[in-house]
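Each remark here refers to the structure printed beneath this line.
Chain nomenclature is as follows: A, B and C, assigned in order of appearance, with residue numbering initiated at 1 for each chain independently.
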Amino acid sequence: MKTSKRLITGLFLLCLLLFFSFVFSVSVGAVSVEFSHTVKILMNRVFNTGISNIDAVQGDIILRIRVPRVFLGMMVGASLSIAGLVFQALLRNPLADPYTLGVSAGASFGAGLAIFLSYVVGAFMKNFLPVFAFFGGIATVFIVYLLARTRGRIQVLTIILSGVVVSYLFSSGLVLIMALLGDRAHEVIFWLLGSLSGYHKWLPHAAGISIAIICFTFFFFQDLDLMALGDDQAKALGVNTEFVRILLFSTTSLVTAIAVALTGTIGFVGLIVPHSMRLVFGPRHKVLIPASAIAGASFLPLSDALARTLPGLIFGSSMEIPVGAVTSLFGSPFFLFLLMRGKKKYWF
Amino acid sequence: MGEAVHVNELTVHYDQDPVLKGVSLSIDEGEFVSILGPNGSGKTTLIKALTGLIHDIEGEVSLFGKPIRSYRRKDFARHVSFLPQDPPTTIPFLVHDIVMMGRFPYIKRFVTGRAEDREAVQRAMKLMRIDHLGKRHLMELSGGEVRRVFIAQAVAQESSVLFLDEPTANLDINYQVEIFRILEKFNREMNKTIVLITHDINHAARFTERVILLKEGEIFAQGEPVEIISMENMKSVFSTDVCIEYDGNNRPYILI
Amino acid sequence: MAAFATHTRRIVTEEKRVKCARAIAKTGRFICFLLFCAASVYGGTAVDTSGHKIHVPDHDFRVVSLSPGGTEILFELGVHEELVGVSDFCNHPHDFVSSKPKMGGFSTPNLERIQSVSPHVILLNTVVPISIKKQFDRLGTQVFVTEPKSFSELLDMIVQLGRLFNREAEAQALITEMKNEAGEVARHVETKSVAPVRTFIEIWYDPYYGAGKNTLAGDIVRLAGGKVVPESSTPYPRINEEILLTLNPEAIILGHQIDAAAFLEIHSNLVRIYAIRNNKIFTPDPDVFLRPSPRVVNALKEIARFLHPEAF
């Protein structure tokens, strides 16, 4: 079926939103930089148009601090949205999000372990925190998969339950670490709150992998559509459900683990962006996959921009609200609005 | 007419309990077969084994002479359709999308939107008289219309063998008759091989040409309806006394 | 005659009353005097850095110190036997603290163990959560908060501790020594150097936390010839990367241990800052710099030398 004009317009609007999100997020921050300066700095970086009378500090603020942060936000937003979308399709469960298989619990545990070791073994361990977090996330998915295998096959309900149990297990491990850390537990808490600052040096590699995986996922849009019919019928129509599940769970868990390793646990995005896109564009994954990726990539940097500037505007303080709080605060009403409008023809 | 499906000594266990014990049967191309039996006799398990949905089996199942294990999934799906007992009705797809899903075995991963697929979907929807429902949501339709949509999906699949699990359960009488008439048409005009499970013995007797009666995981009897649907067999298999009458075509029907 | 008698009786009653009252007043004053003597003989009273009054008997008192700085001060004041417990983080002087039972961390003190030694007073810094403080209140144990916000407040605190533990002479000696050393540093810096160096005291990173001028650390830097940025009345302001970049401090003093490579990596967005470009970064021993203890003058000397090498 030809993708209708309406859908194409919708996607185009989303791209505009992405562009706006980028420009807006880069233009606001704790230090106010004139918009014309921002534009000049960006243009110069891309097209070498020259920045004669602009403070080098402002250039640093825009290019070294804000732009990487926005790119990271775009990457993580897209990754979490796609992961949420795929999990919802594969598990046929509207409450599924990227952390259903326990990735966040495992990654948090890994991060906590790295922080703990930095006190016990040596401060250099902190550099490996993203690595620990990443492998913690991957390990949990692996364990969940092993637990959920019955007679060589995976049942949907078993996977969800295994994910819940393993999450609890790793969360308790994390709580234990925090108790052992005692007065220094605040480091773990900072990490758990989730933030887009820091660890930008891994960004190019992480982004490359994430984009590759998102594109790869796109080619399974038909399989994802058919999974909605149920395992039996999907199989009867020729979908290799076992293989598709394992493959897509692995790739999306990988992408989620990367996101969490770099930014901590940012919730809500992976749950709400796919549902919002479904309400607007319908259930076909051929459209949903690009739409969710673009929407997620716009939503997170915008939320982060608000997180960085709202405390200054409202309270006059230079505090930053954790970005996860902003995504829920502003995302929930928007989602409820969409839900009220479209709930007739929606899921379940 | 060649042999479509051949089963040899099929045994299936569920956690040590045998659900099917040494079942052997064969179904020719173009046959219209029904599988009857009480709950727990293994009907659904038999169909799932025949459609490759259950792997853990002993014995052989072959399709057109080749063991079904040797077929690739998509390949197998071009020959065999399966309509499960309760097709999902609460999914948000449009009718057109659902029918198009039947084309999956023919669509390569990186290619979409071919004319032949669109035409096959159109034909299937016309045949099932749901072409006016194309843009409607599945959730808005009645039970009978939903079944027609999924049968259209099977038609779009262009398979020569159709397996259906209780296609008329919970439907109004008009829909029940309609669906059997459609299946009859597939069988007579398009030479499709049809195997269905039903609880409705009268329908099976009226429309199908061969009845396979299962009891406790084994084939109790199989043959023409007039032979199989007898008072002794009903008493044996279903533990109930019934009265049986015969219509003008010598087909049995049960009076309660 | 009867009237006169009544009148006389009234006068006599009056006189008796007055005499009684005077006697009572005298006794009262005497008792007060006794009590006062008793008080001055039996125990010391002091005011801690948050303004609370604490009282402790002169001899046979027991004190637990959950403040590493407090422990060092107690050692210098000669409060040895009476110190019956220290925190996990008290580490100086080594031999002194290793013989003392450990009572837990700042937010995880072992309440049972503390209770078992029945201290009269516990020395605490403000990192301790309010819930723990409330526990101590409920148990009736006094708490002396050791959080001076400047060098002079630190000297005051030492005097108060001296008063509290009947070591006033030692306290005076200690603060005189500290005042002299600090004074010498200040003189060097004033006479031989040009202007205060704009300094950022980095307490933590990611997110960045600094020390403001209303902290002991901030005051030490001021005395050493530095000007603390950002100018905030918050003791430990949280500061944004962008703002730090704009502030462009000339020197950075680290309040945490980190190796050079990791520092550069974490601050990679801020390499334009004067302090980083010219490698004007210094890490004093945090045990000496960030503690309210007599050793803070050592930190003062080191920092002065770092900020104004031309003056030494």
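In this text, a residue touches a chain if its C-beta (ideal position, glycine included) is under 8 Å from a C-beta of that chain, and two chains touch if they have at least 3 such contacts.
Just so you know, these numbers come straight off a predicted model, no measurement behind them.
With centres computed as the average of Cα coordinates, no chain lies farther from subunit B than C.
Located most centrally within the structure is A, per distance between chain CA means and the overall CA mean. Averaged C-alpha coordinates give centres for subunit A and subunit C that are 46 Å from one another.
With each centre defined as the average position of its C-alpha atoms, the distance from subunit A to subunit B rounds to 44 Å. For the pair subunit B and subunit C, the distance between C-alpha centroids works out to 85 Å. Interface of subunit C with subunit A (complex): residues 105-108, 127, 206-207, 237-243, 245-246, 248, 257-259, 262, 265-266, 268-270, 272.
Only residues 1-2, 151-153, 219-220, 222, 225-226, 228-230, 232-233, 235-240, 278, 282-284, 286, 345-348 of subunit A touch subunit B when the two sit together in their complex. Within the complex, the subunit A residues that touch subunit C are 29-31, 56-57, 60-61, 64-66, 68, 123-124, 126-127, 182-183, 190, 195, 197-198, 200-201, 308, 318-320. Residues of subunit B that touch subunit A in their complex: 48, 51-53, 55-56, 73-78, 80-82, 84, 87-88, 90-94, 96-97, 100-102, 104-105, 107, 109-110, 112-113, 118, 137, 139-140, 157.
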